[in-house]
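Letters A, B, C and D mark the chains as written, and numbering starts fresh at 1 in each.
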Amino acid sequence: MGKPQKVTLKEAAALINDGDFLTFSGFTIWRRPMAFCYEMVRQGKKNLHLFEVNGGTHTEVLAGAGCIGIWESCWVGHELYGKLGEALAAGQIDGSIIVEDYSHGQAVARLLAGAYGLPFIPTALSMGTDILNPKYDNLKKAGLRDGSNPKIPLKKYDIVHDTLYDKGEILLIPAANPDWAVIYASQIGTEGTVRVFSQRYVDVEAIKAADKVIVIAEEVVPEEYIRQEPDRNIAPGYAVDYVVELPWAAHPTGSQFNYDVDADFMRAFYQASKSKDGYKKWADEWVYGVDSHEAYLEKLGVNHLQNLRANTVMGYSTTMKRGTR
Amino acid sequence: MAKNYATNYKPNDLLAVASAREVNDGDVVFAGTGLPMLAIMLAQKTTAPNSVCIYEAGSVDGRPVDLPASVGDARCAWQASVAAGLTEAFYGQLHSGYVDLGFLGGAEIDQYGNVNTTVVGDYSAPKKRFTGSGGNPDINSLARRTVFIMVQEKRRFKEHVDYITSPGWRLPKWPSGEFVHRKEVYGKFFQGGPSAVITNMGVFRFDDDGIMYLDTVHPGFTAEQVKDNCLFDLNISRCQGETERPTVEEIELLYNEVDKEGIFLP
Amino acid sequence: MGKPQKVTLKEAAALINDGDFLTFSGFTIWRRPMAFCYEMVRQGKKNLHLFEVNGGTHTEVLAGAGCIGIWESCWVGHELYGKLGEALAAGQIDGSIIVEDYSHGQAVARLLAGAYGLPFIPTALSMGTDILNPKYDNLKKAGLRDGSNPKIPLKKYDIVHDTLYDKGEILLIPAANPDWAVIYASQIGTEGTVRVFSQRYVDVEAIKAADKVIVIAEEVVPEEYIRQEPDRNIAPGYAVDYVVELPWAAHPTGSQFNYDVDADFMRAFYQASKSKDGYKKWADEWVYGVDSHEAYLEKLGVNHLQNLRANTVMGYSTTMKRGTR
Amino acid sequence: MAKNYATNYKPNDLLAVASAREVNDGDVVFAGTGLPMLAIMLAQKTTAPNSVCIYEAGSVDGRPVDLPASVGDARCAWQASVAAGLTEAFYGQLHSGYVDLGFLGGAEIDQYGNVNTTVVGDYSAPKKRFTGSGGNPDINSLARRTVFIMVQEKRRFKEHVDYITSPGWRLPKWPSGEFVHRKEVYGKFFQGGPSAVITNMGVFRFDDDGIMYLDTVHPGFTAEQVKDNCLFDLNISRCQGETERPTVEEIELLYNEVDKEGIFLP
């Protein structure tokens, strides 16, 4: 154990091998490590196995580029700014992506069990649904539940009878322990203590569950500062392996108290994601067409970004126009 | 004082208002993005001032002054009682038993209240993929009551949904897949289940056998029209008449306070 | 659900019936609801069933007065200021108290499962110890694992084979769901939002696990204030049933950022707790001999308490003499 | 530079110093109140500046400027990286697999490193009750190495302890109670186990069969004297000689920085 190593975005993305098992920070369209996902696309990663408590815009960027082999999750979309996960859906339909569906609460159980070093966690959430239909166990159908991949559980879930209080049947949900957690965070101390603002989502659990952790931080701050309120931090430095300091790294997703979701950018991406051609054109402009995060920001422009900047008291943009009024 | 009913309102306005009326004062409500959010926020400003709202990203009893665009939004946590994460929302609140009411949506529903938000067609070779379950089935598992807010279209109200994403009143019990009453699936974890479905045409409830019936029909529609917009044989014999219209005050609150920017109600 | 009801200390303690199942906030000699325990002693509670992730000075006050019937926990003592839980030990030895031993981590699992509404949580902690020796299951020996008391699990624990990852045997630890959690907290909002400072111990879990919650708060603060930093709060108002506002209510245990542990007072109590006579004499002076919390504080005196007052920056007393230098 | 060894020190000073030397730089250490706390804090000021300490009340990598009197103390959380609770300490850190080294105490120990902190005599009719397990067996379950710091008395070093509170190298496997190697009890959860016992007379380690032997003897004692202070037949054949003495610098750090108020080292 020790302090995390400072690396560049390109170096960080280069750590990921084709076929690696990943999870990400954030929630749908909030605090996603977008810059890192763009870089993985540029580096041409293939056959990634994702476990996501929920998916979002970053998932779609990876799916459109053909980076994803297996996606275990419960949801993908862009919230108000794009109803569906079109690229992921296309991958499921054409068979290029193996989708394993859980419910949101079951997916939380998977990561929580992984975080706590437990092989499973019980839950009564989403019993009696087709999520549990044995015919729909896609990893099993693909022959991947034979124990040869230690990251894929032998069963999608188990059902046991409660012997402690005789409460009847309950599910056991297997842990998820990805090779990598790629976390976008607002602040990291000089010795690696991590802080996010407002809701914590499942970032705490993702960091603990993964074998290795990369933090893409909006800013690096003095360690003494971040330790003055230790109840607000989500992980110590020894839980982090690599750090990239990169402002606006979550764009177009939002980051509480940093910047808001870029609705227009996201809507445009969603439209593009509806076809392979659309995606390619979009990626040629915004991913392949910019060779660094700095070039991407320059292309977005100062005034565009300033409009997204969070009000420091409210935690979100109070200047951008959101609706029709 | 006689209520001052609005004469001019849109279908979504009535949906939001009718949904808000499902909230009992003091309810702990677990809501999703969009109309569910409008419904709980309107209820808090009208008949249920002591109701509180949990969002699955981890905010507990937030008091947004600007309408959140999603449940992960920073706006959800403004003046919240607790801001934590999903483990808190799903296990510390929902599985722990605090939640009285869940507000949910769906793409397809069947006569037992089973909801599909996953695929159209055979799951193993789908024609179309939706967003997936999200927290819908979880909230619907352990909230004491759930209300679904949906668009009424014939193809969405089916005898059997293509995929049971969210559990209604009659369900497959795995591993056998035999259809049984929800109580048999949930055993001692049973807390309740779907209590209402609210569409742009009417308000539906469930009888003791867990079968959907029409409770009230929205102004401008007939019970028969609603029945014609279901693929299953909807029971309209218990229809009590017309759904109560929105009041002028409710519409004003919706447009001037709840969604003052015109995000979900343009 | 709704806002908590404001009551007096006497009214709050009167809610507890003989035989009720309780748990408390705090950790060994920190943030214990001492004033409430004194009041339970004055009201002569009997046969209380305690589940405690760990015990402390409050446990000993109750044990010495003969209030405890069953104690399920892992540890009791006064840390540096009194090595053992003498009164509890005497009760176990003379058979007046049924003691059920768990490990600390197993006790956490019990409360965590209770908090999450799960019948059990798995753990690999403390396998292969005599804690699991079937001969030493004291509740079973007392015939109390027959299901007639829904608060007592049918088994002390279970052992299952992990079918999800084939990790071998693991324990299942039953939930604990006490009738009451009695929580001492530093702050409560006018609508019931609860905050503690520094470490949270298992206070979050205790509140969720219990059917009813009484909060003894050092101070009531404006709800708008406590909601300005919601990531620092441990429970919403609807999770709390009753509130007592009572400064110094944790004395002689400490409360971070309020006051430090009263070492001299605790040492004197420990000496007294070594015999029934000693306890009686002590209780005659400090419990039965004062008819209110205010009288107890007056007896301690201003300067004595001032010396314990926490430095507002450090969170503990920087004026009291602690060691020999 | 030659080390400047102290000529005047107390038994507890050597205990603290010898224990501190068990910490590798970068170790994540889970420690209890008292000597374990002194040991990790001294190590951080000497040979293991990058080691960090977790206390079971929920502080992670605290940097106390005043010595905590217990692990629940506010002093533990000063300049901590994370301040949370017991679920974080036991599950988020320990069970999660972060902990390299546990520092623990005990009332009785046997030749396999099984430790008793619960009762004297038959558990069902005890002569004396100790504090109970606390986190001792948990830390000892899943830390990669554990070091016990104990008082050497003949009655405390037993062939079999009266009650196995904390798991050593040979253990009962329940429900049968058959004694097996620790690896067989922990299966794939096995991470390690007791690596040293440090008393006021010597430093003990465990051989491949999980049996305790004397590694070094403290200055002023002989291996035979240590053996005479055990009820079991202690293997002294592997004794490497004398335990390294405390240096003047270490003693000064202990008395002037770690425990400057004289709480554990009066």
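What we mean here is this: contacts are C-beta pairs under 8 Å (C-beta built on N, C-alpha and C of every residue); 3 or more make two chains touch, one makes a residue touch a chain.
Keep in mind the model is a prediction, meaning the values are calculated, not measured.
In this assembly, D is the chain whose CA centroid lies farthest from the centroid of chain B.
Each chain gets one centre point, the mean of its Cα atoms, and the points for chain A and chain C are 39 Å apart.
Here the spacing of chain C and chain D, counted between their Cα centres, is 27 Å. Residues of chain B in contact with at least two other chains: 59, 77, 83-84, 91, 95, 142, 189.
The multi-chain contact residues of chain C, meaning those touching 2 or more other chains, are 117-118, 123-124, 166-167, 170, 197-198, 200, 204, 231.
Viewed as a network of touching protein chains, the structure does not reduce to a path, ring, star or complete graph.
Each chain pair that touches appears in this list: A-B, A-C, A-D, B-C, C-D.
Within the complex formed with chain B, the residues of chain C that make contact are 1-3, 115-118, 189, 191, 193, 204, 208, 224, 227-228, 230-231, 233-239. Only residues 33-34, 56-59, 66, 69-78, 83-87, 90-91, 94-95, 118, 123-124, 126-138, 141-142, 163-167, 171-175, 177, 182, 185-189, 255, 259-264, 266 of chain B touch chain A when the two sit together in their complex. Taken in their complex, chain C has these residues touching chain D: 26-30, 53-55, 73-77, 79-80, 83-85, 88-89, 92-93, 99, 101-106, 108-109, 112, 123-136, 141, 159, 166-170, 197-205, 254, 256-257, 260-261, 263, 310, 314-316, 318, 321-325. On the chain A side of its complex with chain C, the touching residues are 117-124, 147, 150, 153-155, 157-158, 160, 162-167, 170, 172, 174-175, 197-198, 200, 231-232. Those residues of chain D whose C-beta lies close enough to touch chain A in the complex are 26-28, 50, 52, 59-63, 77, 79-84, 91-92, 95-98, 100, 142, 189.
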